[in-house]
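Pasting in a structure now, in structure tokens, and then I'll have a few things to ask.
Note that the chains are named A, B and C in the order they appear, and that numbering of residues resets to 1 at the start of each chain.
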Amino acid sequence: MTKRDFIAMEEWSPDDVDALLALATRCKRGEIDGGLAKKVLAMVFMDPSLRTRASMETAMYLHGGHALCLEPGKGSWAMETDLDAVMDGATVEHIIEAARVLSRYADALAVRTFPKGDDWTVEREDRTIRNFARYSDKPVINLESSRRHPCQGLADALTIREHLGDTRGKRLVLMWAWHPKALPTAVPASAAIAAAHLGMQISIARPAGYDLDPDDYRAIRALAEQRGGSLDVTDDLDGAIDGAHALYPKAWGSLLHFGNPDAERLLRADQRDWRLTSDRMRRTAGGKGIALHCLPVRRNVEIDGDVLDGPQSVVVDQAENRLHVQRALLLELVGNYSHEP
Amino acid sequence: MTKRDFIAMEEWSPDDVDALLALATRCKRGEIDGGLAKKVLAMVFMDPSLRTRASMETAMYLHGGHALCLEPGKGSWAMETDLDAVMDGATVEHIIEAARVLSRYADALAVRTFPKGDDWTVEREDRTIRNFARYSDKPVINLESSRRHPCQGLADALTIREHLGDTRGKRLVLMWAWHPKALPTAVPASAAIAAAHLGMQISIARPAGYDLDPDDYRAIRALAEQRGGSLDVTDDLDGAIDGAHALYPKAWGSLLHFGNPDAERLLRADQRDWRLTSDRMRRTAGGKGIALHCLPVRRNVEIDGDVLDGPQSVVVDQAENRLHVQRALLLELVGNYSHEP
Amino acid sequence: MTKRDFIAMEEWSPDDVDALLALATRCKRGEIDGGLAKKVLAMVFMDPSLRTRASMETAMYLHGGHALCLEPGKGSWAMETDLDAVMDGATVEHIIEAARVLSRYADALAVRTFPKGDDWTVEREDRTIRNFARYSDKPVINLESSRRHPCQGLADALTIREHLGDTRGKRLVLMWAWHPKALPTAVPASAAIAAAHLGMQISIARPAGYDLDPDDYRAIRALAEQRGGSLDVTDDLDGAIDGAHALYPKAWGSLLHFGNPDAERLLRADQRDWRLTSDRMRRTAGGKGIALHCLPVRRNVEIDGDVLDGPQSVVVDQAENRLHVQRALLLELVGNYSHEP
């Protein structure tokens, strides 16, 4: 049997994703006890985290397991990711050795690695998470890489299903939001893929210059159509919002100016109106559409405080669901758990 | 049932505090097993810690629970504490979302947040810990805020009782000590409140300009008198020490110059003699008074090494008691624990 | 009964070391269950770690215990190590108090403290780890100090035994390797002591100016001879490699220029050929000698990538064995574990 990684939701079959979501719901209901005794998860955080760390650690603990948390460059060694590097510079440990060694201590690895370079043609290959998976003998879970944040995608899917019920034919708007920094595209791509899995009609609303990677558009469209949904891309934000069932505002940077923050900042300078307000919430279907966000969110910048604090916001449910989908994922990948009910 | 926070000792009834201390003693004797299985404590450290982190984590573990440790600005996101902020600056996550989300993962939250600003009229409102409590659905434990360090206060009370027995009529001197930095007043205020709970005769000895907040004096005096004790404030250090049963040296900064370190440094420039020496220990009641400190302590600056290493020092017992009072507090707030003996 | 520390392998009797190694093998085979329930290990990392932290934390967890991880100067207080310091500078907590307090929370302490100063005559006394042991009431485990890394030494010994079988009469070359930085000598000294424990014929190959401390040579030679082996020191790297059974390349700085990085860099400027290549692997006994390293390793600088990825490299086994020897060590020092099989 070969080991199985979880790096992008679309790399698992829709049936397997649905089985995960069903198991997550059973975890949430308190129906699954134990299953991870003597199991160790080694988490490698190359970037900060609140929800991810807290929810993974809690997920392992609740089922009897244990999560290690390593922070390269802080408490742990600065890591080299170039496979052919002559390591006479600042990096101390190669991810090849890190992956191999952690495979010996742990039953699964989980890695967070944001894009760092200035060349999207390199970063889009997602080498760090892919190489961790290549050199680890144990399953590798993506906790957000350059391209994907699939645990967030699972939580998005579970939350949308909980709040909208049957999602076929329902509309989700993934809306670009202004932000003081050029953020990665992993979350918006993963959110759209989650909506595609649910067979939703997806609109991506963004200003000129803020398209996701063409491969992401292809993957979202292919999965959406396979599942009975669709994808369109527009710059008419309010037109897209009219009658939508779910709004997912999210900031991301322009890939056209990747690694060039000054040019990127100029491109979005006049776009602070791309913000989720209560006026926009009222334009949703029946005025009752839901507002999603992966968190952390910039209050009153991406989403207004009254929206976040209001009854249509499901962002805290989304965050809670991170816990339950990860419990399911860990049980599936490394647990002593029977699928029989 | 509403949730219950532990932010300041004087906000709990004296009977409830006494019940906690009694339970702590039973924990220390090894009489309480389990009680926190499947319980998660989410700790948020905005400032460093050794004892607090180690003792909280151990407390959870010893009863079957688990403590998460998040460090905003290091491994976790920099946090915004202004409720109305337009978050277009450096902070990434608002404490409103942090509190709500951690409430979903954990059974209790615990927060350390030292004063950061330069305006005591703002800091004295203790907004960060109060807002965590406001936005968390689960009990919030104060691990030292701008105004209070109530877990330390509990440990102080337990330690004084263990060493002095009946504390009524006994005298404790909270003595200001010189230190290279202007430290917060949370610990001295909490120590005095602990002594007030014990009904002691409290003398606060400090140089001119080093008064605690007037509200702290009021709270200490009110509780002390309710419990049969008293409070006086003096600048006659050695006079206060003569015949005292307990000395609690502690450095703190002048609130008159809060946020103005140069002026503050000047005010204390000539005060290095405010230090606990073995000569001063000999002036205590029968030459056998105890020396307390919350730790970390500046050796040979706040307290001389021979005092710390001598038989009258109870500072390590105090630190140990942090563990036991926190076991009691956690069992009380979130434990499956029966009060019946 | 007095408590027992593990600071240097040669301070334990060879029989006790052999008993540890035998217990480690039983742990690795899965023969030892539990033994550390309700036991707490307090780890103090004054320097970074990946393997050490991950393997100690896993070791405690696998047997039912819990490891705390404190990082002075990061999440925890900056520590003073001078016993007589007047602490009016940058350090906040004295190791005397840290050791005493952690002794109250934990059943054992484990400390990592690399050499920091610029005076080898001071650093060679290994004061920080020795003072932790002096002021702790509980066993202290060395996780790498200025002089020794004995848990690594145990893992080295176990790995060599696993791969070479009967080690008597077999030859190990501890070979100096070029590195961009002047690293400590704790690992090479501990590796040679491990080989001495195994009764091997040890060659230390290093360029002029790169001798280990004379005390280390004495300790290695004494133990090697007691155990039927030998020590020689040479600058003829390839001569030493010819026919060797084990090669242990490792970078370390010149003690002649300790604390003087510019002079030290100059001394090693032309020595980049001191590197483990596949050519050199072919010169070993039957072309089948093993390659060891403590990790982290500088790929293509200390050891070529094809050697690390090839069948003669046992570096990942070594890293795995850190886990098993530490399980044995913890069971021995603080476990409820019976030696009876």
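In this text, contacts are C-beta pairs under 8 Å (C-beta built on N, C-alpha and C of every residue); 3 or more make two chains touch, one makes a residue touch a chain.
Because the structure is predicted, anything quoted here is derived from the model rather than measured.
Enquirer: Same or different: at the subunit B/subunit C interface, is the fraction of residue numbers used by both copies above or below half?
Expert: Comparing the two copies, subunit B and subunit C contact each other through largely different residue numbers, since under half are shared.
Enquirer: Report, in degrees rounded to the nearest 5, the angle of the rotation taking subunit A onto subunit B when the C-alpha atoms are fitted.
Expert: To map subunit A onto subunit B, rotate by about 120 degrees.
Enquirer: Please work out the Cα centroid separation of subunit B and subunit C, and write it as a whole number of Å.
Expert: From the centre of subunit B to the centre of subunit C is 40 Å.
Enquirer: Would you mind listing the residues of subunit A that make contact with two or more other chains?
Expert: As it turns out, subunit A has residues touching two or more other chains at 74.
Enquirer: Under the touch definition given earlier, write down the residues of subunit A that touch subunit C in their complex.
Expert: Residue positions touching the partner: 38, 40, 42, 66, 68, 70, 72, 74-77, 80, 84-89, 92-94, 96-98, 100-102, 104-106.
Enquirer: Going by the contact rule set out above, which residues of subunit A touch subunit B in the complex?
Expert: Checking each residue of subunit A against subunit B gives 45, 48-51, 53-55, 57-58, 61-62, 69, 71, 74, 180, 295-301, 305, 308-309, 315-316, 319-320, 323.
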